[in-house]
């Protein structure tokens, strides 16, 4: 067997795998549609839920999820970006850099329920801020921080040294270099990170259950100290204690909406990204 | 504090970045210190037998061995499933697919990575456990194997898309140089591209391991949640650290030794991940020499 | 214009009752009632810490808790009853296992009985499904079977949490046994009758109402001290006829004397 | 033998090489000159199908190297590239040790213990051995540009190609090394067919059996003696030429 | 004015430039020659502190450029680098349009409507304008090596440095462009101090007011007329020289 046949076989093999992975997405999509569709009625997206999820829609849950996700990324992105740039562009001791990198990975592996409980103790018990969306978004922000950091770091470090040198030789100050060379060139990775982070935040229940959400009784938060209903906790509660088929169906429906929401954001990010990316695609 | 002596001269923007870094450091440290402080009582009362004990019974003894083994097994399984698949997929996408297709596959991966964890949980309970049970003719489908498989599916897109990024970011000049020497695409990929993107790939895998290690809800729903030290059988139910926390932590909140024991579990996970991460970085270092 | 805000936190079992009642209550009141899940433990803990006005619990306050939180003067307000059945997969039920004695159930949970044929069923291994130790369901079930609410069960194969989770697992299996609130019994998951000294107790609402069904638990609201104002109004509402109707609609049993 | 039949090369609309029918004999050195951006690199790269991955790149007509049709769909490109070695204008060494770089193309085919000999041989050929023999294990990226250029040449020689495409192989070398590489080319001539792109016309004239000029997409042999263009540098003005 | 005082440069243990005390006058062109790997690039990079990022790099002594101590800890490196422009041996263009590349260093300081003028001016100066004026919006990475080299020169000129460090700026250029760049250097001399690394000794001799030779870490002025070394290429052998 010569190299070319071997190559072809490997190619066929890994091609199949890739195809299967793509097929996996469609399977998941298909299942979610089949399961979620029964809950979809005219006003599912635009009605308040009532009767313990047996009737109505999920409007405010949707809004709550959006608020939490969005604000969490808002907190997290600057910290992630700042810390990664500090580590890659300013620090030049290898040891400290490695330590910080490892810390990122360790933080990433922390079970989310720990964030929830520690957050509950810190905010709820010691700081007595009560259950509110601000608290929840802060906790989510810490939770998605590692995801953002890893993606951003990867993108920034993949940037060839020669670009930095070319920028340096033109007398660009470090901030200018970051702004003009590093950020545009690693935008792709940053957006990937934000997407992954958003998805993590969207799927998270344990961390916000005790700190930020409420099942019913609130529609739209009117102050910083109000909790919000969210899709993910709605799903969890209904899937746990909904004894009747309507509630279960509504849980799947909410799941489908959540999925749709994340997909929608991803699509928007793509559109934005293709316009902004400057790295040549070769 | 040492950090300040190593950094190059800082301008105002640099100070902002440094501050951000301290926020990050603060969060991680705070969590770590919290866990240590909260688990001191249990370590004091149980000592080493906290990690070696097989028996977890509130009010009597707290032995974390079943959970530690479970976490390692489930994560190991997930990585075992994911690694070949993700690497093949990444290699194919980055090296063989034309750019337009590549972007499409990447898109699919990002969509998949965007499927929220709770949905994987729902799907796992409704389909995967049944599938595993029927396919393998088991007594029951809630097993380590199922949890590993579910985790593998969960982390696959993340690992794949991040390692693909790492592969793709290797400059094409290197590929050209290798191909001009008559290497096939595969040889080029394996001998030039892969080694150069290794840090990125290890990073992606570490991220996946972390995700698998820390996943709570999805694992809790399919692993069976039975505290026992497993033998060599992967097709039995068991318990992982996060699923144990998920089942008991809310109930045990602030209730003395039980709570401390659970925080001790959290600390243990922290340490295990630290060891894995450390070895990962050691591996990169090795490969760079 | 918003009146007072009432926070209710705790057990997901009680949640449907609280959520529905709150919705109804707010129609005629200016106060806002927030209902959130979290589990009985968090419910009690929150009430003690003043982070919630009412805690929901599907179990009694444990000895440990009542000792620690003595200062808070926790008050229990039962709002409904739930009955717990011993359930088996429908395949087993059809194959003949329609009644079990407490001793047989104990044998199964202790791992002494491993095959259904030992209790008159088909030749199949038993998938023993237990619940998280702190669950109210388990407390009353074990209390009945063993006389000890926190009995160890070495025969267990799976541990589950919520009713839905357990229901799903028993339904997916074709040889499982477990414990479930009546509300979750359906054609996949069948409740067996309990044989007590030769007397068969049917797992029906009827026998619960008559008081002959032995495995019942109270669904509780918990407050720190005696409730006042709107909180009291709400608790009274739930205990009142309208509230009790909601309790019934939610699949639980109204308390005897409202 | 390299034969071109109506060979044309283009990036999208922009034709870089137009309709070329021509042949080059075996074991000869062909110099290629032309202004910057005229298409010399593109021309060489087309010969070993290095442009395959560029999207808007297209060829017409055909090239035969030793009777092998380069652009036939069923041509084994990898075999082709082992036969037609290319040394790039911009040296690109792998971030590995100098040793590993030198044997990179043949590592799989060579038993472990023959490797040091081969490395020494090729590094000597490109006159790099003395400079690096004590630091073979160091990263090749720490070498100077000229050293890297020679290393990539050595790396290509190690594969043992029949045809050598050299894109300005001496552009970052000092005169001494340049002379040495030129002599190397002369000695390789007996076994290899060499195409040598250069900007120094005198170099092309002195080493090549034949000089091709690329201008406006036309590849023409330089037959007339070169006429001096504008002054390029006072010392060589009489000698260097440029076809206008 | 560039003054060296006991200036030495090393990578770890390996000294690249040893104990140099010397000064270069303003508005002059200094040619730098030396064998490949002798340290020319390192020397230039040291002048604008481009090696700060390299771990085992170290300097001793001091350099003053226009009275500014380059290696004083409180020196503003960015101002320094704007004053001391460097053109690299291996051109590195940004994966952006040609236009953006040309104004990259000054974009923030320049009002939008002045940009096209500046771009045209600098591209004309490096004789690239005619070749690229119709494709200013295209990616600069599609340019040929020589074009890229000129583009990076243009990019540096746009910043308006006082001192220009040019590392083999004509190595991938044809004689015509080379001559043009050489003429450009002559005209820039009135405003800039230029250091020009080259391998072609004739070039160094013809354009530079003074030629420095780097050899074994010693930087010495070339005073004696150059003696021909070994034969480098038949046409120039009488004219090119190499200090042994």
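Each chain carries a letter (A, B, C, D and E) given by its place in the written order, and its residues are counted from 1.
Keep in mind that, in the parts below, a residue touches a chain if its C-beta (ideal position, glycine included) is under 8 Å from a C-beta of that chain, and two chains touch if they have at least 3 such contacts.
Predicted, not measured: the structure shown is a model, and the values here were computed from it.
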{"item": "Intersection of contact partners for chain B and chain E", "value": "A, D"}
{"item": "Maximum inter-chain contact count - chain pair", "value": "A-B"}
{"item": "Centre-to-centre distance between chain E and chain D (centres being mean Cα positions), rounded to whole Å", "value": "26"}
{"item": "Interchain centroid distance [CA atoms averaged], chain A/chain D, Å", "value": "50"}
{"item": "Rounded Å distance between chain B and chain C, as computed from the means of their C-alpha atoms", "value": "36"}
{"item": "Geometric centre distance via CA averages, chain D-chain C, whole Å", "value": "82"}
{"item": "Residues of chain E engaged with two or more neighbouring chains", "value": "90"}
{"item": "Chain A residues counted as touching two or more neighbouring chains", "value": "3-4, 92, 120, 125, 173-174, 209-210, 236, 239, 282"}
{"item": "Of all residues in chain C, the ones touching two or more other chains", "value": "38, 42, 161, 165"}
{"item": "Contact footprint of chain E on chain D as seen in their complex", "value": "11, 33-39, 41, 89-90, 131, 142-147, 149-150, 168, 171-179, 182, 199-203, 205-207, 229-236, 239-240, 242"}
{"item": "Of all residues in chain B, those that touch chain C in their complex", "value": "57-59, 125-126, 129-130, 133, 139-142, 220-221, 224-226, 237, 247-248, 250-256"}
{"item": "Sites on chain D touched by chain B in the complex", "value": "48, 50, 53, 55, 78-83, 85-86, 88, 90, 92-96, 104-105, 107-108, 152, 155-156, 159"}
{"item": "Complex interface listing, chain A residues touching chain D", "value": "3-4, 282"}
{"item": "Complex interface listing, chain C residues touching chain A", "value": "2, 7-8, 12-13, 15-16, 19-20, 22-23, 26, 32-38, 42, 46, 49, 51, 161-165, 181, 183-184, 250-251"}
